[in-house]
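So that you can tell them apart, the chains are marked A, B, C and D in the order they are listed, and the count of residues begins at 1 in each.
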Amino acid sequence: MLRPSETMADRDRIVNLSDGVFAIAITLLVLDIRVPDIPENLVSRELPEALLSLWPRYLGYLLSFVGISAFWLIHHSIFRPIRAHDRVLLYLNFLFLMVVAFVPFPTSLLGEYGDHQLPVAIYAATLAVGRLLLTAIHWYSTRNDRLLNEPQDPATVRFFLRRGLTIPAIFLLSIGISFFSVGVAIGTWLIMLAVDALVIRRRFR
Amino acid sequence: MLRPSETMADRDRIVNLSDGVFAIAITLLVLDIRVPDIPENLVSRELPEALLSLWPRYLGYLLSFVGISAFWLIHHSIFRPIRAHDRVLLYLNFLFLMVVAFVPFPTSLLGEYGDHQLPVAIYAATLAVGRLLLTAIHWYSTRNDRLLNEPQDPATVRFFLRRGLTIPAIFLLSIGISFFSVGVAIGTWLIMLAVDALVIRRRFR
Amino acid sequence: MLRPSETMADRDRIVNLSDGVFAIAITLLVLDIRVPDIPENLVSRELPEALLSLWPRYLGYLLSFVGISAFWLIHHSIFRPIRAHDRVLLYLNFLFLMVVAFVPFPTSLLGEYGDHQLPVAIYAATLAVGRLLLTAIHWYSTRNDRLLNEPQDPATVRFFLRRGLTIPAIFLLSIGISFFSVGVAIGTWLIMLAVDALVIRRRFR
Amino acid sequence: MLRPSETMADRDRIVNLSDGVFAIAITLLVLDIRVPDIPENLVSRELPEALLSLWPRYLGYLLSFVGISAFWLIHHSIFRPIRAHDRVLLYLNFLFLMVVAFVPFPTSLLGEYGDHQLPVAIYAATLAVGRLLLTAIHWYSTRNDRLLNEPQDPATVRFFLRRGLTIPAIFLLSIGISFFSVGVAIGTWLIMLAVDALVIRRRFR
């Protein structure tokens, strides 16, 4: 049997590894914004426009930074009451980290071909899968009392599980929308973000 | 309600994530200094000059390393008395980290086109925004006593808030200067660094 | 002599450095999946196929993510009872980290030339050496009681040492197989993963 | 005044940031070993030779991994007794980290043009400066008793300061040697490593 202090150290090591992956994934995003290559004598004339034309890259940076930060915030509140772990929790967490570390690729795809349907669908699918895995981690940890340091309020747990299924559902819906309009699909994500922030606010008032 | 030890662990996780972003951002800067490509038979003759001609890159490395280190030092002293956190603090910190992780791009731009006005202005604007966000974090945390472990000396707080507004103001001023002379604008940053170090020194003597 | 708290801090710093290398190695893997370059007017037609043709890269990402995660899990259980360290342990750990940080290169090689014998052999050899170094760390730490906080169950130690030699042996065997069939060699790894999971499960029932 | 626990947390945050830079610097080294580009029909014939011809890159990886690991080991033993910090210690540590984060560039240079004098000299100079900064941190911390948690044995301190000056001196000497023979200069580093390991061993027997 492990002593409590060892269990805590275990849990901390998982959280530290996860935070390392989060930190690197959000910092690698910037590598996708590349300095345009302009001949010296044309720089003053062409640089402003060249930098403006990178806007899908800036948007991708912003979007994925917000997305990964939101993942971190949820991971943070899911792991707060967790005091022990087992193989299943570790496997689920690694699957989730695999998605987090993958995010720079769909971001890059969106930055390059953001006006096409496929990249928008891949991006939405990646974030939906990541969110579902977080929901799975949450569901699993609250089903196993011995993983938690104290019982959680069932109403709060249910609220967060519902939220953790609604958000991926909307991402999947936006894939359907992307067949008709890429712009509306991306707009859905922004509306979802705003509504989610409002709901959370009301919940905690 | 959270127990004190949990609040501390929370605060530590935010600091750890931030330190991860700081560490990666300063280490990625070196990727921007690329080894020149020279045919084998010309290496001895052309390598010295080719390496010297990379000086704007070395300068960019140095400048951004100092800039991000300074951000870390300030982040470090702002977070030292912080013992709890709320959503606003988290959001402000993520916005700040988004700027820190972005710094390699304006650095790269400055290393490539450092003798032009626009890259100098973008660089100054990035550091000004980063510094303003740090000031906002500081301002917010000192306005909320329950985030701190003990009340701060009001005179010291005021001194640091004033400093936290003066430095971005000088960065913004240097953007104006950059329209007349790029060299003088960059010089402004160095003078500001030196004066700031002197003022801090006198304050703590 | 060191006091216990100092020894623990020492051990934590080694674990933290290792976790940093783990986190970065798994997050760098994604840089190897590059967005295909397609002229604007052909994107809708050619992008789906171009993305599908990247499948060896996705497979490499998956494989190395699983491989490095497995290394982390084993490193985690080896270091759990370790409470002190000496030069030999540090050197072995650095050698092991050198292999972990190297994994992105054979992964990239496999993603580019995965249907050829040499890349498959290099990949298997890299993972075999990494696993052997973990076994060496385990063997060394259990031979030195003063490194551990409590004596380990000899049967369990023997079970894990046997496992820690069998897995590299199978990797080396797969190199021999790769001369006849590259597909069968890669299949060996997957069978090994499945069998290992089963054996571990039975052991802990 | 800071309470002891706060001072420790401060010191830990500096060590964590440093370990982040160490971990990233050693993991980025692998990005310098690039998969050779060979047409599909020539892979079986040309890949073995192409991989062998990358040997200066493997050597660079090995050399810098050992170099940065050695820096970490020394940093580790210097910071072990440190319990507080001041501005000077922070500045020295940032200067040192700037050199650590820079190491991938001279490594890349050595991997590309390792048979020429200038890259060998730049590599030796980088490691010499890094080692001197570590010696400066050591010297500064032992001169300020209030930074340490207990007085250090003066003979041991003197031994390590002497070592911390001898090694950079040999690196600088190897720059002189590199004008006559690049191979002998690189050999000097390896002999130095071996002799240093022997001296350390005898000291602690």
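Methods note: a contact is a pair of C-beta atoms (placed from the backbone, for glycine too) under 8 Å apart; a residue touches a chain by one contact, two chains touch by 3 or more.
Predicted model, so just to flag it, every value in this text is computed and none were measured.
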| item | value |
| --- | --- |
| Chain separated most widely from chain D, comparing mean CA positions | A |
| Chain B onto chain C, rotation angle from CA fit, given as a multiple of 5 degrees | 180 |
| Distance from chain C to chain B - Cα centre to Cα centre, in angstrom | 36 |
| Chain B and chain D, separation of their C-alpha mean positions in angstrom | 25 |
| In chain C, residues with contacts to at least two other chains | 16, 20, 23-24, 28, 31 |
| Of all residues in chain A, those that touch chain C in their complex | 6, 9-10, 13, 16-17, 20-21, 23-25, 28, 31, 90, 94, 97-98, 101-102, 104-105, 108-109, 112-113, 116-119, 122 |
| Touching residues (chain side chain A, partner chain B) in the complex | 15-16, 19-20, 22-24, 26-31, 33, 35, 38, 43-44, 47-48, 51, 61-62, 65, 69, 72-73, 76, 80 |
